[in-house]
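One chain, chain A, appears in both complexes that follow, with chain B as partner in the first and chain C in the second.
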Partner chain A sequence: MMRSELHFDAVVVGAGVAGLVAGARLAEGGARVCVLAKGVGSTHLAPGTVDVLGYAPERVDEPGRAVGELIAARPDHPYALIGVEAIGEALSWLAERVVRGPLPGYRYVGGLERNHLLPTAIGAVRPSTLVPETMAGGDLRSGGPVCIVGSPVLRDFHASLCAANLARAGIEARSVAVAIEVERADQNSLGLARRFDDADWRSAFASQLVPLLQGEERVGLPAVLGSKDPHGVWSDLEDRLARRVFEIPTLPPSVPGMRLFEVLRAALREAGGRLVLGSEVLAAERADDGRVVAVRAHASGRDVRYVASSFVLATGGFASGGVELGSDWITRETALGLAVSGAPGPGEERFVAEYVAEQPMARVGVAVDAQLRAEGAENVVVAGAALPGAVPWRELSGEGIAVASGSRAASTVLSRAAAGAAA
Partner chain B sequence: MSFDLFQAEELRGSLDHCVKCTICETQCPVSNVTPLFPGPKYVGPQAERYRVAGDPSVEWSVDYCSGCGICTQVCPQGVKIAEINAQARNKIKREHGVPLRDRIITRPTWLGRLGTYTAPLANVSLRLRPFRILGEKVLKVHRDAPAPKFAGRRFSRWARKRTSPKTGRKAVYFHNCGTEYYEPWEGQKVVEILEHNGFEVVVPKQDCCGLPLQSSGLFDDARKVVLRLAKALAPHVRDDDSIIVGNATSCTLMLKREAREILGLEDDPDLKLVSERTYDICELLLELHDRGELRTDFKPVEEHIAYHAPCQQQGHWIGKPALDLFALIPGLQVTEMTARCCGIAGTYGLKAEKYEIAMAVGRGLFDQIEASGATEVACDSETCRWQITHGTKRRSVHPIDYLHRAYGLG
Partner chain C sequence: MASLSTDVLVIGGGATGAGVAWDAALRGFEVLLVDRADLSEGTSGRFHGLLHSGGRYVVKDPRAAEECIGENRILRHVLADCIEDTGGLFVTTPWDDPDYADRFVEGCRATGVDCEEISPAQAVGEEPRLNPEISRAFRVPDGNIDSWKTVWSMARGAQEHGGRVMTYHAAVAIHRDGDEVTGARLRDTRSGEEVDVEARVTVNAAGAWAGRVADLAGIEGVRVLPGRGIMIAMNHRLVNTVVNRCQMPTDGDIIVPIRTVSVIGTTDQHTDDPDDHTVLQAEVDAMLDDGEKLVPGFRRARALRVWTGVRPLFEDAKADSTDTRDVTRAHALLDHRERDGVSRFVTITGGKLTTFRLMAEETVDAVCRQLGEERPCATKTTQLPGSESGRHYRLGERLERKEQHLRDEQLICECEMIPRSKLEATMRRTGTMNLDDIRRLLRLGMGPCQGGFCIYRATGILHGLDGISAEDADGALLHFLQERWKGVWPILYGDQLRQARLDDWIFHGVLDVEHLPS
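The block that comes next holds the complex of A and B.
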């Protein structure tokens, strides 16, 4: 009698940046959409910035121009299928959702004209395109001395290491440590962010820091400046310290990444989209022509069948288990069983010795056409790290691809629906 | 098969998938407010490596885990963190014994029967300061913890006097202990809504699902209680394709998944059948709507409410069907709460040593409710509703109350 079955216009699999962007934009476009995910995605681990293109292979200053060149040279790259203009449009959409989102005053700054040059937690220099304003003050091109502030309680952030490495790169940097009393031996970045939410605590912290600062230094703090009202916390600290303050992304958990998740979730929900967390998609039902008719997702007690006319696959690549490599050297897409492309052929090199090098195997992804539709399943559109052809950690392009392809996936589905309605 | 072996095979295997990403730590309501609980990753996948069958427990803070299950829900790798921790808690209880309090407050049937007969006296006593202070001293039940009022009548009495019209579309109603002893009117609303939608409602004689026992680590008793319930419900669905429906979301989750996974009862045929057929009421109504079979003769309900999806509702892994249903009611303005947990976790927040933690956990939700401007709070779990009312002084009702009103049934 009851079948545990629900119908939607579109079902998105995956709740990382690509899946949430696709889901929110589909819902905004009028589709009845459900985002299904096994768990929380990459947002809570990544820095919360949108890096479009950082290295190609030399450091990129003007990402718009560099993406154009990349597209010309690498027609298999996801950006080549999306185009510079659509990337720019997707970034504007995201920046606007941040402004309209649940964090008052919080905003992202930057665009395709110019990358920011931000310090990482270990004092490396990272080109990043669209960044929280709370990080933008750390742009190392603006010159002047920098003071990196750490605390022994946050054991994953070493201000002295960060400052020493920045100094080696020619930046006038030093570090100071502030004693913070915590009740527990191990305090992570989120725990500290919750303390910064508290105005009294923040005031005490600032008065401890003021005497340690010198001259015209800018102040770099780990990205823990508030979980509920980061704009308020950050601007309050700038006032109290009477100088520019900026956040530096930490090791996981990533507080700015969690803020981005909240922004995207709110955009999805406000547009009427559903979000189902904890439900792993186990398999797809395919029609004779290859289209996916429904997916079976795990739920308590029994599986649920989600039927939709279109699907977006945003399950990520090897790192998140969206794609896997068997001991038989066969690569598979794990959720829907789609065809993959980009795998090194017989006799070709699969891996190279240097760990962070451009590994040939890493280019594997779901085989797609020019509109990001999965090969053999024309009603499935692929977004994010499940796409083949990119090496995000070399290029610094992960979130750029996620935001742009999530947007493109939504527009492909919406125009397919419109064409269907017209026919 | 011994319990430890079961544990090794069914759940422990999942801990090898842990990549230490910390996502569970970001979402744990308890570790974010107290240093007494170091977090799901520490006491779960990490400490589990040092737990050896037959050897003493190595770590005791797991008793501060409230069992909300959010860690398992958000884990992108499929690690059964909450379930591993529930078993570790059981092991501690087996080694160190169970406080008298935990043997009493985990028995809603005993308390309910006693309280129903003595309702006026019991209700007054539970609100008398000296009595509560005594209760805290003797039983370690916190003096300020929310105490629901006994209704003085039982839902099953009402149900027995009533026969549902024969429609050939049968729903077996699993009313929980909260409905039976404290809020019998909620059960009446469930029955009326189901009948309004063409169901013939059957209310078998039934008892507790064992969840309070399970969450306090009393696994042997919990097994007996849940298997007795499964045995009572299964015959009503065995020979046809009818379903079981409940309005206490944590109790339906116990039947669907928790009893099987946490108590190691995967092989019991009655429980398996009951588990596969059980629906949460909002889940059922949404599916009916999806099929075009839900009556939508809703009158406007001009109210602004807050909706909190309890942790156990989220453990069904079906999203928030109550919100989809609210969207069908004209005039009803709903603000979705994003704070994760009210803190009570069944009986956790009643315990003297955990009450302050539970209130600190709930603070985020209480603040969000107050900021929303909503006058009432909809929530699918009765103990969470009592905690929300305790924390916000606002009325809190089950989502079906609004459907019942919109249908003009009461």
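The block that comes next holds the complex of A and C.
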């Protein structure tokens, strides 16, 4: 087997939001950085919004204030190690990168003062902090009737159920269906987004929709409004329909999530960082003091040894395979073999019989110190869903933790390098 | 209160009850089949899917073996479409008593179970994942049988002969007129409405719950001891042949390939409550260990779902002598006219799925005796709806059919390849608002993603049907999620936990179903 060796200042493992943010910010800080990942992360699955805190457990309207309270109540939560200020700074950085990014005119809106209240594809109302402008028009804090538009060709979005549930919540909502001609019955959101990229197709779509609309309605569409130029597609539709238009996230694949991935990848590359997808980190080489000296990754049929002075572990939780529960009921971190915390042991209760409930296995992650450094490996910083202490899918805190801890990981590594250089 | 009348009222919509309804309908009786829940929601829908050759019982219970092989041959003809002819193997692993194999061969010969010894090398050649340490291997005519499909085809067959089926109707009282049972009162478990049924004969086919139904009729001493067993479905055909350990029957010694999964079973824990579905950690661990013995690497496959079924083990507390006191796994037919002096009432319980037809035949024979009528049984040769061609189910069939419509049919459940048209037609036909009922009919949400993608879609489609409100649709989704969770949480590990966490992200993170309007 061919073997080669590459040297970097920092190696980031994982290319979800946390890994890409850490990589981009490390590169911007002057580090030679490489992001290694087995595949893409949660961006392609999640709605593409940045949720800082949606439920605690009551619905959160002011995420900044609520995070402060959460930090006081749960010192084991990742936010308690990061702090509210750092979250705000990270959100600003991200919003700035979206504006400077490869999608012309596309931007994110919102901040820690107020959550948006956005409809979901089933018609629940979901709090979210920093959101694409293409979704912000759906904010249900502002009143007025909404019209949800669907098409039977998209099985991952059901407009009529969405509108009916919004109506149950007291929102004036109705739905209409638009016929879309397709060559193949199975369409996903990405396939439709590519159609919306096409101006002629879009114009035909809009002229089909216009006669179905009434009065001053806002128009909610599945989040398929373009993959290459979403701002252009969205504003074009607003013009053609002469109404506010907003996107509603669908089942995966997530088009807005892929846009966020493109933004972060561009930020990483622009700053000189590298991204190697399809490269699975198999093991770590540890020094006697526990530090990770190098990682071995497998890509394209060969092993590569990546040597670096610092590492960021951003491989996610159970959903991404960063943490794994074996059939021996022991929980392990899969890439570097680090210690985990928060996991019930063999013989202890792992889950409870009620689905919608606090599950003992929920808050598992890689054991870290107050600087997010992995226990026993002081040159490894942990970011994102690999951190213990949160239940991000129920709190709606996933991207908030990812962006803020990715940023924090970068600054920890950079200051460590600076201290090393000074010494 | 509404009232109905029928010749034969059958209480219990498992394989036995549906078999009785089908048999009686074929003999020209008007039948009404009722169940407190959906058809085959009890023990029949909660077994491993094994169509016994009888091999399992040749040493321990030769009579059961004879019954099994006889019924196996009949069912292959009349229920062809519900059966996959996988064949079966009995293999001697290093953990098995090597002397048992010769007794097994002798037992097969004595009971008429077809059995052919093949070399271990040939067995491993045919089933490459089989433990290569096996010392002997025997081929037998085991197969798998889809119990949901079986029960539904019998129900449909009965309906085609004028019979009626009422699911979600629990018997709340059995009417007596002196020494005669005259019918029952049913309660719709969803609406609470009650209906009185007048029947010439009432059949108690409630399986593990038969003692309770007998109690309603004021019949004493019908004791059914529920024996709880767990089964785990693994997400692959780890073997394509039914594989049995060649030893005295015990726990965890069978792997049945059925549809796209393999099921390992089972255990036997006595319980007082037939609705007790507890899964013990120790049982799960034991099943996984047993799986490793037959198929090394078993634990590395995904465990998709665990469930428990309760065997109805009959004990006649009324019989006075030693010969019937033994708890028996054989079936028990109680003619209450003979046993208790109460006529027009028959109880059938015990037994195993493979012998349900025989049990139904004997039951309807008893019904005829009570009515003083002679009507011959026709279920031995009459093919069920869907099985007329006599062709067995093949695993590749659905893919083949699906490929023909790939471009113009939306797939709602990719794991189980369920097209939208079929889902909609089934929802309309059954009128059910319960997605778990649809799961049993179509296998919706039974694949590796356990409903992660298809259940939102199915909920949207359900809501699109006439008369289904958003509230009903939301309720159906939340109910499905809870029912699914019951069957997965005790065995969540490895990639299946990863999958479950992705589902968490979809249902909470993307859809926020926890905060639907209530």
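Note that in this section the second predicted complex is superposed on the first by the 413 of 423 C-alpha atoms of A that agree within 3 Å, B and C clash if a C-alpha of one lies under 4 Å from a C-alpha of the other, contacts with A are read in each partner's own complex, and residues count from 1 in each chain.
We take it that a residue touches a chain if its C-beta (ideal position, glycine included) is under 8 Å from a C-beta of that chain, and two chains touch if they have at least 3 such contacts.
In this text, all values refer to a predicted model and were calculated from it rather than measured experimentally.
After superposition on chain A, the partners chain B and chain C are seen to fit next to each other with no clash.
Using the contact criterion defined above for the overlaid structures, shared-chain residue A:186 touches chain B and also reaches chain C.
In the superposed model, more residues of chain A are touched by C than by the other of chain B and chain C.
With both structures placed on the common chain, the touch criterion links A:252 to chain B and to chain C.
Of the two partner chains, chain C is the only one touched by A:46; chain B is not.
Of the two partner chains placed by superposition, A:235 touches none, neither chain B nor chain C.
In the superposed pair of complexes, A:299 makes contact with chain B only, with no contact to chain C. In the overlay built on the shared chain, the residue A:194 is in contact with chain B alone; chain C does not reach it.
With the two structures brought together on chain A, the opening angle seen from the C-alpha centre of chain A toward chain B and chain C is 90°, to the nearest 10. Residue contacts after overlaying the shared chain place A:120 against chain C, while chain B stays out of touching range. Once chain A of one complex is fitted onto chain A of the other, the partner contacts of A:318 are limited to chain C, with no touch recorded for chain B. In the superposition on chain A, contact of A:334 is made with neither chain B nor chain C.
Nowhere in the superposition do the C-alpha atoms of chain B and chain C come closer than 5 Å. Shared interface residues of chain A (contacting chain B in one complex, chain C in the other): 45, 183-184, 186, 252, 320-321.
Within the complex formed with chain A, the residues of chain C that make contact are 281, 288, 299-300, 303, 406-412, 420, 453, 456-457, 459-461, 463-464, 469-471, 473-474, 477-478, 481-482, 484-486, 489-490, 492-494, 497-498, 501-502, 504-506, 508-517.
Taken in their complex, chain A has these residues touching chain C: 42, 45-47, 51, 54-55, 59, 120-126, 153, 155-158, 160-161, 164-165, 167-169, 183-186, 249-252, 254, 317-321, 324-327, 329, 347, 350-356, 361, 392-394, 396, 398. Within the complex, the chain A residues that touch chain B are 1-7, 34, 37-41, 44-45, 102, 182-184, 186, 188, 190-191, 194, 252-253, 258, 262, 265, 269, 272, 274-280, 298-302, 304, 320-321. Interface of chain B with chain A (complex): residues 21-23, 25-27, 32, 35, 38, 72-78, 169, 241-243, 253, 255-257, 275-276, 278-279, 284, 286-287, 290-291, 314-320, 324, 327, 336, 338.
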